[in-house]
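The letters A, B and C name the chains in turn, as written, and every chain counts its residues from 1.
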Amino acid sequence: MGELTWRIFFLGFLNFKTEKYVIAENRKLGISFRVFQICVLLYVIGWVLVYKKGYQSREETVQSSVITKLKGVVMTNSTESGLYLWGAEDYVIPPTGEQVFFIVTNYLETPNQRLGFCAEVSESNIGSLLFPAGVKTGLCLNSTGTCEIHGWCPVETVRKPSEALLSKAENFTIYIKNFVRFPKFEFSKSNVLDTGNDSYLKRCSYDNVLQPYCPIFRLGDLVSRTGHDFQDMAVVGGSVGILIEWNCDLDKDYSQCNPKYSFTRLDINLNSTVTSGYNFRYARYYKDEAGESFRTLYKVYGIRFDIMVNGRAGKFNIIPTVIAIGTGFAIMGMVSFFNRFVYSFVSNRHTGPPKYIPLGFYVM
Amino acid sequence: MGELTWRIFFLGFLNFKTEKYVIAENRKLGISFRVFQICVLLYVIGWVLVYKKGYQSREETVQSSVITKLKGVVMTNSTESGLYLWGAEDYVIPPTGEQVFFIVTNYLETPNQRLGFCAEVSESNIGSLLFPAGVKTGLCLNSTGTCEIHGWCPVETVRKPSEALLSKAENFTIYIKNFVRFPKFEFSKSNVLDTGNDSYLKRCSYDNVLQPYCPIFRLGDLVSRTGHDFQDMAVVGGSVGILIEWNCDLDKDYSQCNPKYSFTRLDINLNSTVTSGYNFRYARYYKDEAGESFRTLYKVYGIRFDIMVNGRAGKFNIIPTVIAIGTGFAIMGMVSFFNRFVYSFVSNRHTGPPKYIPLGFYVM
Amino acid sequence: MGELTWRIFFLGFLNFKTEKYVIAENRKLGISFRVFQICVLLYVIGWVLVYKKGYQSREETVQSSVITKLKGVVMTNSTESGLYLWGAEDYVIPPTGEQVFFIVTNYLETPNQRLGFCAEVSESNIGSLLFPAGVKTGLCLNSTGTCEIHGWCPVETVRKPSEALLSKAENFTIYIKNFVRFPKFEFSKSNVLDTGNDSYLKRCSYDNVLQPYCPIFRLGDLVSRTGHDFQDMAVVGGSVGILIEWNCDLDKDYSQCNPKYSFTRLDINLNSTVTSGYNFRYARYYKDEAGESFRTLYKVYGIRFDIMVNGRAGKFNIIPTVIAIGTGFAIMGMVSFFNRFVYSFVSNRHTGPPKYIPLGFYVM
């Protein structure tokens, strides 16, 4: 290209292009398009900007720390074990104040087991489903079908529990302390009221309207919020999820960022009522004067609580605002494109040549 | 503006605009553009709508509850400890039926340790890498280089294990009960067949084709599915991940929403075979008649299992459908825009004046 | 339609459409639009493609395995308990090498508790806030206000700790072994240098510049990186989060994919300094010669460490590249659309009839 050409090219580069428009006087069509456009405008402003808060930068992950503490004691009285006092150090397993913990509501004790030889099951339980408690020696009694085992003797009694020994556990209270941090926004908050007044936490009890900052829950109330009965659940055990949701608009005041609690039973289908409960075994080991080991085996039934923390926060930021508005414009442009496509079919008296605008072009 | 102007403005608002088109008769170019458009159309329909299920509302988070239970006993016979029977209450740590648990496959026992003064390492191990077992008193023996410590005596023997004492642990079975809930769709399901027939679970064994609803896994099989050998892993321990994936299309039948299990070894690089195993120590504390404490220290080697549950579900919803189709149109519009740009370079005989359409306009 | 019509339609389908353009010679406007366009172009290339790596397929979830191991012993000397040696098997709870663990830094021991009857609180603590240690029998002493309980006697002394008994715990070291896997890219890596030389790990200490592959942290240093003092925290306890981030560009070399560690205190508000610490109780059970149970109750204060692993990786993939570039074009189109809209207001001398282009059309 010559010098002149380059000059024209460069000047042209700084000019501006527009198109010739033809105004179609079809009022009926015009009205329906306007209505459609208003819908889109409402979608962009109402849904994207106002409802979905498209003008905010979001943080979907939260750093969370949960500490739990149980209070309450219960005295049990069983024929095998006699009187026994259960404190939080015993009935919370593990006792470390975790996010996931198990509370004993029923148990079966097999005291003073020693390694030795005995019959596979205790006489009263022949024919029941067996918990393998040892290695078979090969000696079997034909008359009953029981075999001798080498294991911890006497073996555990097999029976299905009918009532909960720690039924009073429904009066225990759980204190859930939850700290959350949104590192992107340098924001942190706790679910406990920052009064410096310790006695508040000693008296209060959670109420989502009156006392949202008192995260102390009575066990019985907590289970009944899942739609189940504590006493039913206590017999064979179960699993409960406690969901804490922090959905914070950080453009608002600090006091507006509050946790929302919800409670669900996790071990049962919505369309079924069958559960096999929750139980496990643990043992406490002792040594006698001769240095011989013996143990007490506990089969404990109870409720496992699983505290799940979700959090998301949003705060005004220029970049998502520009993108949200830009997307809005793009959708509006799309609508306009679609309108033009429909219009050209309905009325093409103004478009002059060509008479047959092929369909293909407009589907684009 | 006068009243008339407003009236014209308002009427104009209800009219409709179109553009004058010029048809370019370039068949070669036309064909290639059509092919391109078909590709885009196939992308929108095939990929976005059919493959990615763009017409569905999605839930990516799942509420999950996992309960595990191990079965099996093994009798060990070591020179230090003699015969010992390991039940699930001993070899599963913690025994609470958690999602993350450790199974003892090998161990080293140091019985009857008492607080006192002794040599840093037992004689047979001078020169080995040391586990700090106490506080040095300052007294050292020049001839051997060992120093006296104040700690739990006798100290643990240092030696690298060569064989697994609980090698029969490969016959243990893990029962994994997993409940999932998609709260958005009020859908919940378990990985266990809801038969009400307990004996089914006593006999069955997992098979991804024949018995997908029997989540009972033999330990040895489970490890071999990760591509490793149980006996190798049992000596110094390791870490195995069990991934349960629920990828459910809730527009289909309830029975079509099934878990998919996968197994990976987590403690080993793909391009390396070095592992330092998995072991830790714990102690059992006793008191003698005089009230003096003594303990048995266990160094246990074993396999840590980590059950990870992922879930996502989708169900038809009008909003994502509209958005998916809308996006499709937008892409089509984009393609059309691009085509026009290319075309104006290839053939501008129909565009009349101006002759030099600046490049800049079309890059837009 | 006749055959001819179909033929024209079909041929038209393979033709190509363009528009008549009018070049507006408004240099001022042209320049500002060019500047705007360059901004958009920079956004697409600089932000979307280069900074956000829009040409990569991403994996946001990571399979992770964490093993922790603590080293160090400390000898405590308290008036109640006398000399006692704390090893990792005692001060790490649970001792299993988990991702979440608690380290004892202070404790209160109540030895030789037996089930029986005693006064609610020990005499020295009348009036203090009480830990419920048993079931009230109903007998109360009017003079002091204390009541008799049936529980584990003697009850725990109530007092607020003033100094940490395990203050030397700041010299303990934590070894954090972390394996990550990105299954989508079949990539796995560990935070430990793969030397095969065990002695390296025995001598090294973490330094983010000099030794990024030595994940061994001194406890005191680790806490001080959160901006808090270990000795302050050790008295009543607290909660620390260790975040390991793997942000890997797998188009680069294997050695460029490194973890980034960060440390935060989780139990304290950013705008507050109040913490209630972290403590819990556990008991060790014993049996005397007569088979009677007694126990030692420990109230332990300490620091809970929570290791959180985040990971995301990206690798070149053709599909996101096409989408990123396509989106860029769409935004450019949008800008061009907006320009045309502005232009038609500023200068409409070239557009001829109609004189009044209604606003509505351009908002689209």
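Worth a mention:
To be clear about the criterion, a contact is a pair of C-beta atoms (placed from the backbone, for glycine too) under 8 Å apart; a residue touches a chain by one contact, two chains touch by 3 or more.
Chains and their UniProt names: A, B, C = P2X purinoceptor.
Everything numeric here is computed off the predicted structure, so don't read it as measured data.
Looking at the partners of subunit B and subunit C together, the chains they share are A. Matching the C-alpha atoms of subunit A with those of subunit C calls for a turn of 120 degrees, to the nearest 5. Of all residue numbers used at the contact between subunit A and subunit B, under half are used by both chains, marking a mostly different-residue interface. Each chain gets one centre point, the mean of its Cα atoms, and the points for subunit A and subunit B are 17 Å apart.
Looking at subunit A, residues 12-13, 15, 17, 19-21, 23, 34, 94, 286, 289, 330, 333, 339, 354, 357, 360-361 sit in touch with two or more other chains. Across the complex, subunit C is touched by residues 11-21, 23, 34, 37, 41, 61, 63-65, 67, 69, 71-75, 83-85, 87-90, 94-98, 112, 177, 179, 181, 183, 186-190, 194, 196, 198, 202, 284, 286, 288-289, 326, 329-330, 332-333, 335-336, 339, 354, 356-361 of subunit A. Residues of subunit C that touch subunit A in their complex: 5, 8-9, 12-13, 15, 17, 19-27, 29-31, 33-34, 93-94, 100, 102, 115, 129, 132-135, 150-152, 239, 241, 243, 264, 266-270, 272, 274, 276, 278, 280-283, 285-287, 289, 291, 297, 304, 306, 308, 310, 330-331, 333-334, 337-340, 343-344, 350-352, 354, 357, 360-361, 363-364.
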